[in-house]
């Protein structure tokens, strides 16, 4: 009965949505306002102004860099939140499900994973570094990097993971994305420009572009590394089992 | 007329439908993990909606390759940039929610919303 | 716009953000330095917001184009009169951090201390960013920062029900965020832009009013959840009552206000009141729901016996005040609503900090256990009395001014029945604060709380400052009005 | 022609979403959810959003599913 | 003539400062007494220093902190306000002395005296309020400050009474707030003016509604039936509180508010025109109010007859007497209004004497019921003598204060051509006699049960206030027509309002 009422309510919701959908600009029409109002500038000037052939990357890092700064903050917040709820894994008190399970990982799996992981990491690095010319970028690469760590932890256990990446390394790297954004932003302030400005008219033409390239790279790498490490940390926190 | 319009905007129809399915899952399923899968469905549906807003028929991906002739119709890159942020937000929310669920299970021994409500009193 | 001060609009967001990012590092190095560090960061931010506030009152709103991109292309920070709220956020944030010191040392595990301050800084940075941004999508991003850190802070204590409360909040909050995002999507599809002022301009050109209406409904629902308006308030009492007290103070005092600020942004900055869309029915519905919120919140509060639960329900009814004021859409109504955003933040922060101090000292939180506490902790309970008198709306304290303006607004808008609802609600509110005061001052202690004495100085100082604020804001009510009046004039233009 | 494929994909999305709803085994449901995410990634690729497709495939289908799985393995597997 | 002066602000501020000092240092008995008495005397001096000029028609004004268009914090001392302020500050000195004696050995004296001071501070604030807004501010502060006094005993009875008190008065306060906001909306200002600020153009029905709101709001504290329920139960408070607050400050604030509403918000002329037709019957605002007052006069007296608890009987007597004032104001005739205003003072002195006596007897002998008072006049002859003076005054015997009131109110009734109210006054006098004289009779002419007739008066701090107040009662009647007496001020007030 309750279910049915909810169903009815949501059906009405859907109809309301549809009534709006009917009025929306036709799907995929180049003449839509969305394609005429702000975007043409991105498409026409994006490569030159934004500094990336992949215009999405240009928008993410340059035009709407502040959003991305918010984004990396969100994932940093998620990590802080997970740690607030579950605490960080600890060599002394934590163990993993793998260690507690009666059947260890089989030889085949461990060998394959050992072979595979370098390639996954390589792919992650490629994705991060080539974000400006091809699909991908810091976040995508970071996710892949994180996935590789998750993979590794899943098979070899938390302790090995903790031994490989120590806390003193992990903590600064988790903050790396926000900090790299801040550094890139403050470079703009240093040259008397607005926060997160990438082109400094005060410099010569070549220096400007070189600096922009360096800043974009810094941010990309920062995001990539931080995302990967944060995913790893979140996973480790979720996976750890308190040793009794 | 209306059907034709809806047919033309089929992506939006599906996105809003998925939104409602997700919401239905969230509200009616007692299991918290299931609720959260519903929420993820909702999230993805909203993303689908926004990407569809930016889609252009026969448009190519917004990556400028050297030697490309002028006047190529690109799709709208802005929604894509937004959704990239959106996906991160979604996965962050999921991670936190799952952490809470694990904690909740440690404390209460169940993830059933009805049983948890009973414990609250 | 010379020198560093020209960059203050962005620095008030970035400084606490960077501060938050550095807190785990500092915590890893020396755990004890986390609190001074967080306090320092907030003090610095507070100084900047104070500077901006003065600038604002002298020269009017300040726009800041991030990355030097002009508005529709890049993100714009727009420090307008509503954004003067950042001053309050930074100040209260600072006070809450000071208050937290002893509380955290006692209640939290060692390992969570740096995480705690990280999250506090994040939530403050998120709120400041939320309030000053002039971009719809950026609004969503900061909303998420606030929400995520809020969920985590509720559960940080680790008591049995906190995870449940946090999860409830998370589920409802995530749905509301999605509603906001979907609203942004609908708006984007008909305006092609994300900048608020640009959307507002483009809305006058579009004829897709149905899409705009659905988007408005989505925004209202989304922000109403964050603001805990009836009937979307279910998550609030548990979340606010079970969180650690300084966090409750932040959540109840400031975080629910982000929902309000969101509504203000959407209603008055994006869908302008005399824009193409006649949203009278929406406002009417909101006003009536707000009236119900006031009465129900107060009504439920009366039947609680946990003081924090009482304060939490009281927040709900006060949110009703604010929303009622805003949705009256008359000059005095909006003025009253906006003042109450500020005054309620002040009052509720005081109340929750006091509750925190009491729980810290006695370990009790049920009213029955706290009988006679007024004689043992006179300063803390005195602050509660001042705040209670204030929230009830007894002149000449802060709460009265809002009540006066909202009633005036209701009469101005020709809806005196709403004013009646407000007054009825405020009488209910009296009832449960009297219950608290009676228990604290006019009854003999039941427990052996005889050796309890006043809270430590690091807790008392913020409490006393805030309580004095409650009194001063009643007498010097024109001080916030200096910011609110031009804001409202701008809305109604 | 491609747009016809899109319709099939979209309908498949609905099917997987309903599948998540009806499946009682949470492990299975999370795998179906993973399929939902992957389908979504393909839809986005069809809409010329390769960046998103890449992200959704890595995050939506990969990381999120793994997180779900680890939670399920630490808590309950059956819904009822 | 308006003169800017700081004194209107100083007067309420002094006792507020006193309250803070008592909170801070009040654990020391000597300091507490010193602060209480010195501040009451100081305040009296400040108020009196404005008195002569006020009699000449000078209006002192302090204006501070305007926080919005047309709304600010204004203190303005006109003749009526002066009247009320002189009254309350004079009585405060007497009551403070009495309270020091009475509260000897009671608990929580610090709290008691601090809130006592705040109460008087706010009462003077009510008197000096220059606009409805300020009036409301002080009116509500008075409510809150009285609460701890009402529940001073902390017994379940006292708590219940306190709750009842808050429910009644805060509801009334809400109505006033609403009405004030409405006034502001209609008139664009809330500043009290000599001839009212509203005009007929706002619509008779709206104005009538507004009038009823105001009357209901202030009527709670003025204890107009059926809004009087809180007053008898609030008598559980210590006697000085009952005396000063429930016979003088709180209830008079309500009556004073009604006077302000009738003459300074609506204005004499507007009220006269305020007639609504309700299903064919014409109801005028003035007669409605007068009718309510008449019902309360008779009803209160009848209820008083039924009480055996001494203080309860006095309380119902208060309810009845308060409506004399309301009736006088509602008659809308110069003499009637004058009589009403004078009764503010007359009733205060008479009733406070009675309460003091009741308190002194209770303190000395522990007797709280009238049926226990056989032969009390043998033991405490002076005390009972003062009571006799006061009750004869209440009945309206010629050379005493009460007579002046009744004379003018009857005159007003005749002026307004509503002779029925003369009859009401006569009946009420008869009832007054019926419930006061048995006490006197029982005290003097019935031998005490235990046969102990040795004289043992209460402590001088309790006795002296009784005597002083009784002397006042006589003086107010004998010298009613001299300058510098309440009547002169009331006349000054009326001449400005009715101009």
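Letters A, B, C, D and E name the chains as they come in the text, with residue numbers starting at 1 for each one.
The rule we apply is simple: contacts are C-beta pairs under 8 Å (C-beta built on N, C-alpha and C of every residue); 3 or more make two chains touch, one makes a residue touch a chain.
This one's a predicted model, so the numbers in the text were calculated from it and none came from an experiment.
Student: Just to be sure I understand the contacts, which chains border both subunit D and subunit C?
Tutor: A, B
Student: Name the chain whose C-alpha centroid is farthest from the C-alpha centroid of subunit E.
Tutor: Here the answer is chain D, farthest from subunit E.
Student: Just by CA atoms, which chain is the most central one?
Tutor: So the chain nearest the centre of the shown protein is C.
Student: Hey, how far is the Cα centre of subunit D from the one of subunit E, in Å?
Tutor: 77
Student: Could you give the separation in Å between the centres of subunit A and subunit C, each centre being the mean of its C-alpha atoms?
Tutor: 30
Student: Just how far, in Å, is the C-alpha centre of subunit D from the one of subunit A?
Tutor: Going by mean C-alpha positions, subunit A sits 19 Å from subunit D.
Student: Using Cα averages as centroids, what's the distance between subunit A and subunit E in whole Å?
Tutor: 73
Student: If a residue has to touch 2 or more other chains to count, which residues of subunit A qualify?
Tutor: Residues 17, 22, 24, 34-35, 38-39, 42, 54, 56, 63-64, 67, 70-71, 74, 77-78, 81-82, 85, 135, 139, 234, 238.
Student: Listing for subunit B: what residues touch at least two other chains?
Tutor: Where subunit B meets two or more other chains at a single residue, that happens at 10-11, 17, 19, 23-24, 36, 52-57, 59, 61-63, 74, 78-80, 82, 84-85, 88-89, 91-93, 95-96, 98, 100-103.
Student: At least two other chains touched by the same residue of subunit C: list those residues.
Tutor: 137, 141, 144, 148, 151-152, 155, 158, 163, 166, 188-189, 194
Student: Going by the touch rule stated at the top, which chains touch which?
Tutor: A-B, A-C, A-D, B-C, B-D, C-E
Student: Spell out the residues on subunit D that touch subunit B in their complex, using ranges where they run on.
Tutor: On the subunit D side, the touching residues are 3, 6-7, 10-11, 13-14, 17-18, 20-21, 26, 29-30, 33, 36-37, 40, 43-44, 47-52, 55-56, 59-60, 63-64, 67-68, 70-72, 74-76, 79-80.
Student: Residue numbers of subunit A touching subunit B in their complex, please.
Tutor: Counting only subunit A, the residues touching subunit B are 2-3, 6-7, 10-11, 13-14, 17-18, 21-22, 24, 26-30, 34-35, 38-39, 42-43, 46-47, 53-56, 58-60, 63-64, 67-68, 70-72, 74-75, 77-79, 81-82, 85-86, 133-135, 139, 234, 237-238.
Student: Touching subunit D in the complex: which residues of subunit A?
Tutor: Where subunit A meets subunit D, its residues are 54, 56-57, 97, 127, 135-137, 139-140, 143-144, 146-147, 150, 154, 231, 234-235, 238-239, 241.
Student: Applying the document's contact rule, which stretches of subunit C touch subunit E when the two form their complex?
Tutor: On the subunit C side, the touching residues are 335, 389, 394-396, 400-401, 403-405, 407-408, 411-412, 416, 419-420, 423-424, 426-427, 430-431, 434, 438, 441-443, 475-478, 481.
Student: Which subunit D residues qualify as touching subunit A in the complex?
Tutor: 49-51, 53-55, 58-59, 62-63, 66-67, 70-71, 73-74
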